[in-house]
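There are structures below to look over.
Both complexes shown next keep chain A, but they swap its partner, so chain B is in the first and chain C is in the second.
Our next item is the complex of A and B:
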């Protein structure tokens, strides 16, 4: 297989397979988790302003008092790479074109120089949080193979995308194919690793907010 | 697999619900929960990271409720839970967790970690991996009626004592009273001032109330050890008493987990909503205050601070009432950093104070409370939980801090405008 055939494969069958596993995987995992249900809380509820699942979905996006000071890298690094990833994935014009091709939906993107800068910052933030995971006793203690693996799964598409756009290291066609392949691997693993938090974070926050909101505690 | 282990794993399978599945699927191992846990912050030992304490439950979830986990189990690729592993986790699940729930407030993906610890304890206890101190407290509650072995005659002795001191008759088993007052063992043995305070406050408020001979004990070791069947037996005594006496409202005493047990877990344990209300004494006092039913005079002028019991504030939703009451009688009330729903635990809740194996760790963890106190340097510390109170007293003594601890109910009672005799209704 030459590089052009490689690119053709990742753009065609490769993408179909990856999207298929991703979509079915997401649906399966969501069903597997949320079909377990929960028992109705029979205690008489206490109503308090700001105490609900919906409030917690929003509120948990902000750090609780004192926490940034206790773990600055987690919060600052975490915000930067999450926002950076969202910008890169959803506001880079070629990505929007791809999404438009798949779904028909389209929206304006950002100039490529802006995306370049965001990408560099995101890559740097991801390296910083990796170093933090290695250095901080708690993070290192909790880390399993999956934590390192999913870091690489997330880092590689960003890195290869940047290198492809900048025509660095490898011929553009090869780098682009590698970029698409790494993004496809990411899609395939999202449902079956901790990366699934991109979906369950909303459910988890909602449950926590609802369970404690029942007692009148805004969490 | 031993029979008890098999039972434990079965219980763990039963307690896993959609919230737990969602929580485990969301955890990214960021470790921020450690920063919210006094057992980690004061020891620096990463094994005390709250989410790590749940590892046995997570494994059961993965092996039983996820497609990949089930495939791995079927191919014998995953390690089954063992007795040795649960024995190792006992320290993490009981000694180093007070069920304070601070971790649940900080998790960025929103995991309610303490909700899961409470459920994990169900499996730990049933498989024989609970600490002896907590097992004994539970046994005494089920067999004798209270975790400290207090029986009705001790309550009657205290009633007589309080009647002699206050001149107010203490009602027992009065049908149709508005309030049924609960006590904790600790109050019966160590803090008789609570009952005396309640008698004086009820008299001034002009409310009818009663103790119940079959359901006077509010504490519920079944909740702490994590055996819902026993917790149900214990809570049913109060429910039956309240329904027999046809009271409108049961008042949970100055005890943290007793409130969680009766107010929040109670109806779920017995499987139906209550026919009466449940309020914490602080809620009742604040209602009396707001309705003008109690009048106080004079103010404490020394520097007072308030320690929020976790189960009453963060886990119970009683957050503002204690502050209103403090303002009523304290001219110099100062809040500690993180006061309110973010308050740090005293270190003794969730059965830890009944667990001798945890004594040393608990005193290490107390450094967090010490730092909070040193930040505001109060002259006296007020709280509303008998377990907090004794844990605080022990910790303060250990660190040679001279700081008296008192209950908020008795503090309010000390300031009541009392006419020496006669019945003052609605003062």
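Our next item is the complex of A and C:
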């Protein structure tokens, strides 16, 4: 298999398999989670300011008071790489073309230089949060194989994408194929690891907010 | 073809001055990234060169490569160099036919064993023992196995000879392969392209005549000087790619402004060739300059690389499993939900109210 055949495979059958596993897993897990249900709370709802699902979504998306100072790397690094990933994935023109090819939806993208800069910052932030996880004994103690694995799954597509665009280390064709392959691996593992938070993060925040809001407790 | 002495006399006879010839050699040397002195060396060697014997064998091909080389730069020095080699066998160009032509071929091979340059265009059919493509009752495969080992150098011209090309595209009914798949014990210079750029071929010949060796080749047997960079690397529309300005259709405002053709399926980023700087038709333009994306014709298996009009980041094939996988995922989700509800129901049914007596046990 030469590099162009490798690229054509990851753009064709590889993408098909990865998206298939991704959709299968996502639908399975979302249906399972939402069908679990909870018993109806028969108590009369109590109202308190700031106690609702929507309030909690907003509140938990912002750092609690004093926490940025206590754990700056987690918060600042975490924000930077999450926002960076969103910009790279959804505003780089070739990615928009892929989404358009799959769904028919498209929107304007950002200039490549802006994406380049965001990518460098994102990669740096990811390395910093990894080093922090290794250096802090408590974080290291709490980390399981899945934490290291999902970090690598997320980091590799960004790194290979940057190397491909910059024509570093390997011929562009090979690096592009590796980039697509790494993104496909990420897709395959999203439904079955803690990376599934891309789908559940706001749902679970809303749920916690709503259930406690019913009791009049802003969380 | 005229039969005047050496190349320089031949050129003079055709109205090309020594000065233009030197200029041409300097250009050729710089195109091939050789040191400045190589231009003069090349001029001297070419001027002295006795006409080397060249045999051009056409296999499974469309004659597009010959068309490209004979027409595109005519009447230029490249064309004249072609006239000035002893092209002893070329089916499209030679006057001889039938048994006469075959006699010439075998005579030249016998007389110049180990000295002639063998140029091949077209892929080699291997299906049915090569019976899909025969000349004078002999399969191309058979002919290549006989003539190939006797050549001083082999040049595979065009994507078909270099990589199998269009005959090798799925489902490859003739079992087409590249020349280098058959000739394994000597280097084959691949000059891919559909058709290839003429100056690349004359460059390789000039290098062989001047230095007696083949130019530096890359992993795929291509002259590195011409195939070292992608079309995208040298494309004059590259700044638009970097700025995120893309033509969306072939006749929109972006297309008129000359914006990048990536979204219209340009394969420039994965295509190694010299079109963007050497250009075609005597330096006039190259496909992207004419408003069409690169189709990647000089890359191996370009025909099966997912369609000429699909952006590189788009799916290469229609997705087959996705719909089925979504249905399967939903089905698993429903099944697991039902199982969970059943477990919950069973737990509820099995629940016993604890009494004070139980707690005191």
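We take it that the second predicted complex is superposed on the first by the 219 of 219 C-alpha atoms of A that agree within 3 Å, B and C clash if a C-alpha of one lies under 4 Å from a C-alpha of the other, contacts with A are read in each partner's own complex, and residues count from 1 in each chain.
Note that a residue touches a chain if its C-beta (ideal position, glycine included) is under 8 Å from a C-beta of that chain, and two chains touch if they have at least 3 such contacts.
Remember, predicted model here, so these are calculated numbers, not experimental data.
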Check your understanding: For the three-chain model obtained by superposing on chain A, do chain B and chain C clash or fit?
Key -> fit
Check your understanding: Who does A:126 touch here: chain B (first), chain C (second), both, or neither?
Key -> neither
Practice item. Kindly classify A:20 by the partners it touches after superposition: chain B alone (first), chain C alone (second), both, or neither? Key: second
**Study point:** Touched partner set for A:158, first chain B, second chain C, both or neither
**Key:** neither
Review point. Among the partners chain B and chain C, which is in contact with a greater number of residues of chain A?
Key: B
**Study point:** Touched partner set for A:85, first chain B, second chain C, both or neither
**Key:** neither
Revision key, fill the gap. Vertex chain A, Cα centroids of chain B and chain C as endpoints: angle rounded to a multiple of 10 degrees is 170
Review point. Touching A:183, do we find chain B (first), chain C (second), both, or neither?
Key: neither
Check your understanding: Of the two partner chains, chain B (first) and chain C (second), which one does A:118 touch, if any: first, second, both, or neither?
Key -> neither
Check your understanding: Looking at the overlay, what does A:175 touch: chain B (first), chain C (second), both, or neither?
Key -> neither
Check your understanding: Which partner does A:212 contact after superposing on A: first (chain B), second (chain C), both, neither?
Key -> first
Exercise for review: Figure out whether A:138 sits in contact with chain B (first) or chain C (second), or with both, or with neither.
Suggested key: first
Exercise for review: Once the two structures sit on chain A together, report how near the CA atoms of chain B get to those of chain C, whole Å.
Suggested key: 6
Exercise for review: Return the residues of chain A at which the contacts from chain B and from chain C coincide.
Suggested key: 28-29, 32, 35-36
Exercise for review: Going by the contact rule at the top, pick out the chain A residues touching chain C in the complex.
Suggested key: 2, 4-5, 7-8, 11-13, 15-17, 19-21, 23-32, 35-36, 93-95, 97-98, 100-102, 109-113, 167, 172-173, 176
Practice item. Using the touch rule from the top, collect the residues of chain C that touch chain A in their complex. Key: 220, 230, 232-233, 241-244, 246, 262-263, 269-270, 296, 299-302, 304-306, 310-317, 319-322, 324-326, 328-330, 332-334, 336-337, 340-341
Check your understanding: How about chain B: which of its residues touch chain A in the complex?
Key -> 16-23, 25-32, 34-36, 40, 44, 46-47, 49, 51-52, 65-68, 104-112, 115, 263-268, 271-274, 277-278, 314-317, 319, 338, 341-342
Review point. Which part of chain A faces chain B closely enough to touch in the complex?
Key: 28-29, 32-39, 41-44, 46, 48, 51, 56-57, 60, 63-67, 70-71, 74, 78, 136-144, 147, 192, 194, 196-197, 200-201, 203-209, 211-212, 215-219
